[in-house]
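As structure tokens, here come the structures.
Both complexes below contain chain A, partnered by chain B and then by chain C.
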Partner chain A sequence: MAIGHPGNAKRSLFYSARFRGILYQVVVVALVVALGWYLVHNTLTNLAARGIATGFDFLGREAGFDIGESPIAYTPADSYAHALVVGLLNTLVVAALGIALATLIGVVVGIARLSGNWLVARLATLYVEGVRNVPLLLQLFVWYGIVTSLPGPRQALNPLPGIFLSNRGLKVPLPEAHPIHPWLLLALLGGFGLAWGVRRWAIARHDRTGRPFPWMLTGLGLTLGLPLVLFLAVGAPLAMDVPTLRGFNFAGGGTLSPEFAALLAGLSVYTAAFIAEIVRSGILAVPAGQTEAALSLGLSRAKTLRLVIMPQALRVIIPPLTSQYLNLTKNSSLAVAIGYPDLVSVANTTINQTGHAVEGIGVVMAVFLVISLALSLLMNWYNAKVALVTR
Partner chain B sequence: MIGFEPHDHSPTGIAAADVEEPSAAVAAQPPKPPLKLLGWARENLFGSVPNTILTLLALWLLWEVVPPLLSWGLFHAHVTGAAAQCREEGGACWTLVTERHRLMLFGVYPYDQHWRPLLATFIVIALLATSTLRRFWRPALLWAWGGGFVAIAGLMWGGFLGMPYVETALWGGLPLTLALAVLGIALSFPFSIILALGRRSNLPAIRALSVGYIELVRGLPLVSVLFMASVMFPLFLPEGVTIDKLLRALVGIMLFTAAYLAEAVRGGLQAIPRGQEEAADALGLSYWRKMRLIVLPQALRLVIPPIVNQFISCFKDTSLVTIVGLYDLLAATKAALADPEWRPFFVEGYVSAALVYWSFCFFMSRYSQWLERQLATGQRR
Partner chain C sequence: MSLFKSMAAACVLVAAGSFSAQAGTTFDAVKAKGFVQCGVNLGLYGFSAPDDKGNWSGLDVDACRAVAAAVFGDANKVKYTPLSAQQRLPALQSGEVDLLARNTTWTLTRDTANGLNFTVTNYYDGQGFMVPKKLGVKSAKELDGATICVLPGTTTEQNLADWFRANKLSFKPVVIEKNEELTSAFFAGRCDSFSSDASQLAAVRANEAPKPDDYVILPDLISKEPLTPVVRHADDQWADIVRWALFTMIAGEEKGITSKNVDQMLNSPDPEVKRILGVTPGNGKALGLDEKWAYNILKQVGNYGESFDRNVGKGSKLKIERGLNALYTNGGLMYSPPFK
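So, the complex of A and B:
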């Protein structure tokens, strides 16, 4: 590596690439450390001047504020840590549902853009170009405005019996609690496990003998059939908890709050436009010759798509899809603008009440980093499974 | 091919033409059926049964959506009058825009001084328009931008030539959105190049710092970065030093955008063949001259489309400063709707703001596609 001439050892030290590399690194690291120390020092001085203690002790104190909706039990008497967990769960719920919904819409729109049907392709293009060029926050405001300007509970829209749409959110009937429910869930999981086994066996046999087996239909039948049989066996208990108007609001049934509904709609519709483009480019990336070759082998259109096009398109689709899923999860933090109690919103309230800005933001950052890493790992694992195996 | 009668499309017709006409090569080409409107519709809309069903579904959807939309937004819309009139007669209330567009466009900037942000907006748009043309891509453009920024800052702040001083807390609307987007990109660009070079460096400590920064920031939502900027930046500074709210948001956007831009630039750096660097080394160029003269000019040209995409993202993301209490275009629109009299017409207000955002973003995305083709022709041999 050293460029220095022999016999010029004294000068060559500074001209040695290795020495200069080390020097640069030491200087840069020293600068970064100095900057960090300066910022931390200032922060500590400022906090001391304002009489704010540092540390995470505040997490154990009573939160004292209410949270509109929560998947777990929560009262204002619970601790800040508990409130933050509620916020995190709310974030995860909206992100998980949003990802599922956005993928569904995105795949449909992406395929529609490639449709041979001129009208359908144009409509899909209109959707994509219209949605992705407008800020998500603006769309959220519109969704929230629409949901909250629905009529009140007394004039609630009633599109289907038992379902009420009003400015208090969406009310749906829920089945009444029954001892069979956990068993139904178990049967569903068991059926899914059996289906997985059938799939493995079918693929192994196909690889060995070349005889195909309709594992998809069989698997679907097993997954849905097992709980259904159990459900019918115990006499099909169909008692429903139907929401009814009582006073100024509904009682009973399940609720989708206006904030949640607006956030979910906004996130899915916005992200779906990006996913549609990813799906489209993924399918276009598969050379037309592949389709022609598959058709000339006598595969049907559906089989061509499933066995030839999709496995190759997925390789192109998965990496950008991962980053869209991450974007959706991060964008769920816009909930703070419309009052859905997600993690950022709860952390914001906590910071305002306690003054522990550094710790509160630290918690939010740590949580999002963990979510990002976990989702990346999961998608990388899936990507490795569908990736091209080269010798 | 042009003068063929329809019956010539049958195989026998072509065979006959083959025999009789001397120009066999022309006749042997597959004949094109005449593409009339009906033929086109049969091909593209009613080709098969599922296709026909899809077309009918789409037509039904259009029939359900378009006439009511036109009736609401155009035929029964109001442009002037009072809000009460809109409420009584129904239809879209574009009166909101005619009455309150100045609040929506310029926020709480002093009313009688609105010509200043208006002029500033025109300067930015003129500079942007000039920058789109490759003919103007030369060092003088940078000077023009520098001069433009000085002029805009002077116009917005004022305090001389009889223009009263206006503090940044009163800036708002479209000029603020544009300023945040343009400055955010302009300031983050050099930083992102340093980060991208750092990530590709052979020096482990520098690589680790760059990777750490990029991955950390990309793992965070912009909202939390903006919160951090607005809450923690004042704590970072020595006692007694305050930092402007607008500047805090700008630094937040800059730090955030730099991480994403760095990844785009890295994509370009990775696409440059190793031989280019080795050739530069062989010529005895230093690291910085090698990067400045050989690698970056090629790499950056490759990644102009992703950079423009990042610009679009940044432009849309500036709307998040609404959450930390700045009056950008979205927040100003929200403020215009705060009046209970106008609140029911939020759709009209947001649609107008959305159209402004949409026009900028759509133009930029079309421009990036056009540029991609332009640059690709340069690559073709």
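So, the complex of A and C:
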């Protein structure tokens, strides 16, 4: 480390850029750690001084409040930890579906903005500029207002037999539980696996011989056909659990609640406007010469987009798209405003009832951090996969 | 850390105060500054809400005005501090307000661990249910399977879940944080019922329902919420003044003394009326107040019945029945100890 001046080691050490670099870093880390320790210690001391209980023991106690909708079994007799898991699952469900829907709408609108059709391009512009410039919270209120202004359950709209649309949500018939169901799922997965294999084989053969194979259609046939054959083989058990009006509301069948519908619509429509712009910028980033070259090689329009433009555009699209996915996931916490029982909503009630505000907020923050980091890792892996390989 | 130390020092001081013989510090401070600083609700129609000119009115506001009338002979010597549910207890504990009259439920924890003293309950409330009339529901027991709109409060959600479990009924909650969003969802028909403190239901029905007559509040109450003006622990003289100012309003109704007939009542032969109105002196001196203290309350604020009718009862938009808040002679819980 010491450069020159062997007679004055101290002086030379300080003048060493490398040593100073390390020293500054150590000082900064020490300051950050000290600040963190001070904040934690100060909070704990003050909470203790006010006689406010701290710790995570409350998670095991009985929650005592009910939750409107839950993907898993839950009753008020379950623990706070169980209630928070229900909230987490609700958040994950709406975030996952929201990301899928927002991507779908965003890609379509993004391509539409580049369309040669004047009306289509202008409508897409109107959508993007209208939606992304209005705060999401207001949009959620509008969606919730629309959904709750539907007629009541006793005057429910009945567009198709067994399907009811009212201000209590969308009720649909569900197949009654049957022992064949897990096997059908297994057949679906098996079919999908076979389709994947066919795709790999088709691509390898195409690379080798140049002969194309319709792997998409074959794959679709395999994925859907296998469960269908099994279903017919056991005699097509089609007993349905149809929703019926009983007392205040419909009983039986499946439900899409107004809160969930409004939140999902709000999140995906809002985020899709940003995704549309990202897709548009990605496509425009590919030089026009690429399209012209592909077309002059005889590739169809669709194949040009799929095989030439998109693989190059994705490199530009993926990083900002990751941010939008993270935004959508975090925005799902606006659910408290329209009554969807997401993690934040459940945590709020938990904090109100137990008084463990610091711990409750800490749990919510940690969970969102983990979700976001996981999503980020996944997208970074995908980004590395589609990145241009330079040789 | 220095903040923590000063807080700790303040805590020690407060604790030490309870052992010293010194009493009446709040009273002295109030007299010195010339007004009562009263903590009230941010705006709950019938209890404490400002009108378009900024004048506060309501049942809780009348409690503040009664104390000011007793101390200063002028019910208008009050300054109001609007407080949220989270702010209210710290504001009183820290001395920001002298009196908290903000529909606050009297509970054991607040009365002890939180360092407060509750005075006289000025409204006996309970959590209830509001339903659309066309649903034809007559009792909360018929709400099996109902969807219920509820605010995320300290105990509201839990009371609801407890009650339905105890009665082996089921329900679906819709929990929305903002009051206006929740009530508009209910009036749009998202829920079969709206559950909150019954007085709040009445206020929402009167002010926010498109057609108030289309909604009914069910008679069942599923919790006890004695709403009580509250002061700091260990200030006995101040607690006594607030307590007896509130009792004066009840005693006034018991004896038929109103803001209109109080001057004629000065000539009443009833010895209790003479003691209340200070014709027979003694009560004022005992409290450290002017002998006209109770006369001033009844003259300027009125008795409890007048206050109730004007703010939440027949004379108001809320039209709440007296129920538990009637005088004990009429089957209610309002009862004043003797003015002797």
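Please note the rule applied: the second predicted complex is superposed on the first by the 349 of 391 C-alpha atoms of A that agree within 3 Å, B and C clash if a C-alpha of one lies under 4 Å from a C-alpha of the other, contacts with A are read in each partner's own complex, and residues count from 1 in each chain.
As a working rule, a contact is a pair of C-beta atoms (placed from the backbone, for glycine too) under 8 Å apart; a residue touches a chain by one contact, two chains touch by 3 or more.
Being a predicted model, the structure only gives us computed values, none of them experimental.
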Item to check | Greater chain A contact set [chain C / chain B] | outcome: B
Next on the checklist: Between chain B and chain C, whom does A:E176 touch in the aligned arrangement: first, second, both, or neither?
Outcome noted: neither
Item to check | Partner chain(s) touched by A:R168 [first = chain B, second = chain C, both, neither] | outcome: second
Checklist entry - Looking at the overlay, does A:N348 come into contact with chain B only (first), chain C only (second), both, or neither? => result both
Checklist entry - Does the superposition put A:D57 against chain B (first), chain C (second), both, or neither? => result neither
Checklist entry - Where does A:E292 make contact in the superposed view: on chain B (first), on chain C (second), on both, or on neither? => result neither
Item to check | Which of chain B and chain C A:N46 touches, first, second, both or neither | outcome: both
Next on the checklist: In the overlaid three-chain picture, which partner chain does A:L119 touch, first (chain B) or second (chain C), both, or neither?
Outcome noted: first
Checklist entry - Does the superposition put A:V364 against chain B (first), chain C (second), both, or neither? => result first
Next on the checklist: Please report the chain A residues shared by its interface with chain B and its interface with chain C.
Outcome noted: 42, 45-46, 49, 141, 145, 149, 336-337, 348
Checklist outcome for this item: The answer for chain B against chain A in the complex is residues 44-45, 47, 51, 54-55, 58-59, 61-62, 202-206, 209, 216, 218-224, 227-228, 231-232, 234-239, 312, 316-317, 319-320, 322-323, 330, 334, 344, 346-347, 350, 353-354, 357-358, 361-362, 365
Next on the checklist: Show me the residue ranges of chain A that touch chain B in the complex, using the header's touch definition.
Outcome noted: 21, 24-25, 28-29, 32, 39, 42-43, 45-47, 49, 115-120, 123, 129-130, 132-139, 141-142, 145-146, 149, 326, 330-334, 336-337, 344, 348, 351, 357-358, 361, 364-365, 368-369, 372-373
Checklist entry - Where on chain C is chain A touching in the complex? => result 1, 4, 7-8, 11, 113, 135, 143-147, 152-155, 157-158, 160-162, 164-165, 171-178, 181-182, 184-185, 188-190, 192
Next on the checklist: Help me check something: in the complex, which residues belonging to chain A touch chain C?
Outcome noted: 42, 45-46, 49, 51, 64-68, 76-77, 141, 144-145, 148-149, 152, 167-168, 246-249, 251, 258-259, 336-339, 341, 345, 348-349, 352-353
